[in-house]
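What follows is a pair of complexes built around chain A, which joins chain B in one and chain C in the other.
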Partner chain A sequence: MDLNLLLDGFQTALTPTNLLFAVLGVMLGTAVGVLPGIGPAMTVALLLPVTYNVEPSSAIIMFAGIYYGGMYGGSTTSILLNTPGESSSVVTAIEGNKMAKAGRAAQALATAAIGSFVAGTIGTILLVLLAPSVADVVVKLGAPSYFAIMLLALFAVTAVLGTSKLRGFIALFLGLTIGLIGTSTGKARLTFGEPLLADGIDIVVVAVAIFAIGEALWVAAHLRRKPLEIIPVGRPWMDRQDWGRSWKPWLRGTALGFPFGALPAGGAEVPTFLSYITERKLSKHPEEFGKGAIEGVAGPEAANNASAAGTLVPLLAIGLPTTATAAVILLAMQSYGIQPGPQLMDNEPELVWGLLASLFVANTLLLVLNLPLAPVWARLLQTPRPYLYAGILFFASLGAYSVNFQAFDLALLLAFGLLGLAMRRFGLPVLPLIIGVILGPRLEAQLTEALAISGGKISTLWGEPVAVVVYVVIAVLIVGLFVNFVRNARQGAATAENKERIDA
Partner chain B sequence: MSTLTEPSTPPPSPDGDSVVGGRIVDRAQYGLAAFLVVVGAYVVYDATTLGRGFADQPVQPYAFPYVVGAVLIVLGAVLAFITSRGDRPDAEEGEDVDLSQKGDAKTVALLAAVFVVDIALIDWLGWAITGAFLFAASARVLGSRTWVRDIAIGVALSVGTFYGFYVGLGIPIPAGILDGVL
Partner chain C sequence: MSIVVAYSPDVFGRAALDHGVAEAELRRTRLVVVNATRGDSLVDSHYAHEDEMQQVLAQLESAGVEVKVRRDVVPDIAEAVLDVAREEGATLVVVGVRHRTPVGKMLLGSVAQRVILDAGCPVLAVKPAAAHG
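Then we have the complex of A and B:
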């Protein structure tokens, strides 16, 4: 890696104007992320339009702030309300909320914030070290390997994560269908003769609709009538013992989170859960687990943030998003004129290193701002629900409208919002759909390129060693799924007599 | 994995259930299955109308739609089958979500109606007015009963974002009927 380039990046990130944008980003990201029902992906999607038309280097640092702020906001609601905004903070809520109920909300928030800082910093360092060398390897890959890797990502995101495989594939193919719309192949596909659909549907509109509108409508249909109980925070302060019990889980969580995040089936669910189990096993106070053990907050929260840094490796080096948040980040970068991929490091070194430096700066600011501000954020949790969800609808339509200033985009927003509502009603996961919309057209493009180079010979698809390895991995996954399915079916058949309901 | 959040008992009854042969069947899920089949069929139909692309195009424009449409039809059929066998979705939980009540279709329909009015009027009235309407009317539908305050907050938000975009970001949001006033 080139240290000078990173220092240049810091020089860009640390100008007074950009520092101001970073502070603004962290504040906005935390303020929105801390609102109940809004996870990091939705925070980033809602606030993305705010960064448009700011100068790229400022937009990037503001965006980095929003990203870290949104993630921290998610942990705050988990701890104070026992209500994780997305699956990656489920584990944090287990011990965190118990700590809060025992009057240790401040310590739980502090260990989460400092753990996130430690993990985010180490994760970003690993990213700085790894991304260029991964990019060097990746740049030698041809279209067949890309095709295989994207196939793996689609398959893994759909089949490995989530409980119902069938519903995962339904969501994926709905996403692929949305991705077909447009004239990218020279023929107007699924445009209904509508010229506004010729360029395809703006993915920002799809993302905001599925995340924000779908969520608001779903909540509106099931609005809780009694208010939630919120615990006062107090001053976040950890004593010697808290520090002593936190630092090892932070590091172990980081070690677990980063590699899992960097895998094509990346995501924070597996590493946060593994970190929780590890800490419970290694703890000197196993009896406290389930009653509010600080290790159970420190480890998973670090794992969560480290895996978020890990997902940036495939995102920057291959242009491959593996989580919903990463998918929105990809959109953001494209809107700033950055096309992630192996050439990115060579073509746009200032932007990449500016982004990496911004991540460091935003991470530090998050710690500085949010430790003292925690009580303020806790008060935002009390926003009256009608205003909260009316506000989400308002900002979501502003976000979609500001893309092109066309009423047509608002109509699309409503249509996909209703789809998002139906997905929540029928338990369809959101991530495969978003990934399908993004990767579907690129899958087609890579296949076209591979076959164009080979003169139409299909065998080119397994003509590169990397592609072969990836297909073997996919085959192993399919066999594993099948074995699991057969085993479950047998067990199910054996116990069907006693059991009312069998999960498919 | 979400092993920890998986409910150990079936989720509380969503709307549209019926009991067939001792199994609880989620009838609304047949609607989703039908939707998938219809979408899949349309995608395949649309693909048949495309015709051949350029001669040097190794992957014809209709190739992907054929695959995607066919798989959607199969997925719809499988979903219908397992629904009849008593498969039920785990509806998404959340901080403000109370799954023990029946879904409130009226609120959703009213919110959608507010949105449709917003879409119909935005080109004519502009963001500042329709945005305020969107906020105040949605808050009303969601249970707020303080008209004056709702409208005041709505106007503050929409005019605030209008000037925020205009002054802060240099993007003029179309002002509609208020062109020249704002």
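Then we have the complex of A and C:
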């Protein structure tokens, strides 16, 4: 049954138009992945206006291509420049740049690209197998369970990622507050008597402002910096020994990355780090770690692509975004009037299976494009920032204005852009805010629905077994956090003020 | 009294440096090597790596030239070269010049041209040996 649907999906994905959008997506994705600070989330946010003219399946295929492409591109910068292009390739830089410095840049790039392909393909197969069955289970759940799952997603995204829980929760509550604005409940909340705020703030404006304007202002504040030293590289390749040392880390990285991506504590940071640690333990060449071990590139690179595939499970099956890019892709679906959730697979089979098939296509395209073109992508790093960010500001303003054709949205864009700048300045992660803005109103809707059905009895919230399990998980997480906190406090090891930015 | 060389890590900068060294030996003056970047892109191929600059410096010193390196992140490279020439009391500035396409001329200003036009001392414009015609 699934196979037929998938074949239909390939028919959708392989039409010339959709193939063109897939190529466009992976090229754009790789390009923005290579450039630090500009990520797939920002790119998809800037491209949201294309949803006004382009078929839903084409647009979503392009966005998925950007998502996968960003994962590939990030590794190039990590390896050649020792600056991660994406938060997901932070770990790759540890061994990758050492390899490059030792003259093995070509092998590092090759194991990253081929590992990403292997992991992406296996991950997509798992996604195809898992998503429908997850959706079948989830569709039977009631509002209380949804409420609990969303609560868990908000909590996990905030608490598991990032170095500072406090900063994470500040960002989350900022997002939830923004989500409250409007009169959706019949009462005006936080509208300050402004009629233009009555419909709430369009999430597109918030996403574009936080990702694009915030980043542009941040870069403008740090415009002149000493250039980094890039390691020149030819065409990536590997010899027999490199293959022999790479294939096991690829598979282990996939096994770590996919489940972490699929859990609502998504993102690639945790699995890439775990993969690195695992490879260091299992390696037959432990002495090479820290000096450029190929396993330390192969494992994490596989893990981050597998986790990208994994994040699509909750996105397609529950309508739950767990990474910034998934969140913005969700916005794109909503702007077509498509409500992601367990019914999505039944209501929009052409879109979903076209998307799944296109992921296989995108992965193959990325391998074909990236192996020979790595040196070309590296040249992108020579783009002067003023040109780059002038373009980003232009598309950001255009995108924000085209939502409602109201100048007021541009004022909002600037205001939230300043918020984005402040968040980067004070090290607040962006992801909890975006997830908060998107899930906040839906959380409220589920709560309202649950209470309406139960006639206002609050005990309905723990009336479903799934909800109870989820609350237990949340409780365990809180206890874990608390224990960690106490232990850290006792050791007096004040965690280093880590002002790392999460550029999604 | 010194000779200022506008250096970049390519054949043009190399040519400028070679001619600068020859002039410095002839005139028995100090050599000042300027290598600047606008620092507005992540990677600037005209900005020399730190160890490459050290190598150049060591080579020149072993050849017995009194040499000084000035490296900076500046808003305008031509301006930076001219500033150094002024500060160091340059008697000669050496720049490498290259062919430029019409599109390149339209899009970008030439550092060499601005140095040639605005310097307060004679400017020696040189080409790498293979780049005639």
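In this text, the second predicted complex is superposed on the first by the 476 of 504 C-alpha atoms of A that agree within 3 Å, B and C clash if a C-alpha of one lies under 4 Å from a C-alpha of the other, contacts with A are read in each partner's own complex, and residues count from 1 in each chain.
Note that a contact is a pair of C-beta atoms (placed from the backbone, for glycine too) under 8 Å apart; a residue touches a chain by one contact, two chains touch by 3 or more.
Please read all numbers here as calculations on a predicted model, not as lab measurements.
Peer 1: Is this a clash or a fit when chain B and chain C both end up on chain A?
Peer 2: Overlaying the two complexes on chain A (C-alpha atoms) leaves chain C and chain B fitting together cleanly.
Peer 1: State whether A:Q382 touches chain B only (first), chain C only (second), both chains, or neither.
Peer 2: second
Peer 1: For A:A357, select first, second, both or neither according to whether it touches chain B, chain C, the two together, or no partner.
Peer 2: Neither partner.
Peer 1: Classify the contacts of A:I94 with the two partner chains as first (chain B alone), second (chain C alone), both, or neither.
Peer 2: In the superposition, A:I94 touches chain B alone.
Peer 1: Check whether A:L81 is in contact with chain B, with chain C, with both or with neither, and answer first, second, both or neither.
Peer 2: Touch partners of A:L81: chain B and chain C.
Peer 1: Could you look at A:L48 and tell me whether it touches chain B, chain C, both or neither (first, second, both, neither)?
Peer 2: After superposition on chain A, A:L48 lies in contact with neither partner.
Peer 1: May I ask you to decide whether A:L152 touches chain B, chain C, both, or neither, giving the answer as first, second, both or neither?
Peer 2: Once the two structures are laid over each other on A, A:L152 reaches no partner at all.
Peer 1: Which chain, chain B or chain C, is in touch with more residues of chain A?
Peer 2: Touched residues of chain A are more numerous for B.
Peer 1: So, A:V270: does it touch chain B (first), chain C (second), both, or neither?
Peer 2: So A:V270 only meets chain B here.
Peer 1: Measuring by CA atoms in the overlay, how small does the chain B-chain C distance get, in Å?
Peer 2: 5
Peer 1: Can you list the residues of chain A that touch chain B in one structure and chain C in the other?
Peer 2: 36, 81, 83, 223-225, 228, 384-386
Peer 1: Would you pull the chain C residues touching chain A in the complex into a rising list?
Peer 2: It is residues 37-45, 47, 49-50, 73, 75 of chain C that touch chain A.
Peer 1: Under the definition above, what is the set of chain A residues touching chain B in their complex?
Peer 2: Against chain B, chain A makes touches at 36-37, 50, 52-54, 77, 81, 83, 85, 87, 90-91, 94, 161-164, 166-167, 169-170, 173-174, 176-177, 180, 185-187, 189-190, 215-225, 228, 269-270, 273, 384-391, 393-394, 397-398, 401-402, 405, 407, 410-411, 414, 417-418, 421-422, 424-428, 440, 444, 447-448, 451-452, 456, 500-504.
Peer 1: Applying the document's contact rule, which stretches of chain A touch chain C when the two form their complex?
Peer 2: Residue positions touching the partner: 35-36, 81, 83, 223-230, 378, 381-386.
Peer 1: Provide the residue numbers of chain B that touch chain A in the complex, in ascending order.
Peer 2: 1-6, 10, 14, 23-24, 28-29, 32, 36, 39, 42-43, 46-47, 50-51, 53-54, 56-59, 61-62, 64-65, 68-69, 71-72, 75, 78-79, 82, 85-92, 94-99, 101, 103-105, 107-108, 111-112, 115-116, 118-120, 122-123, 127, 131, 134-136, 138-144, 150, 153-154, 157-158, 161, 165, 169-171, 173-174
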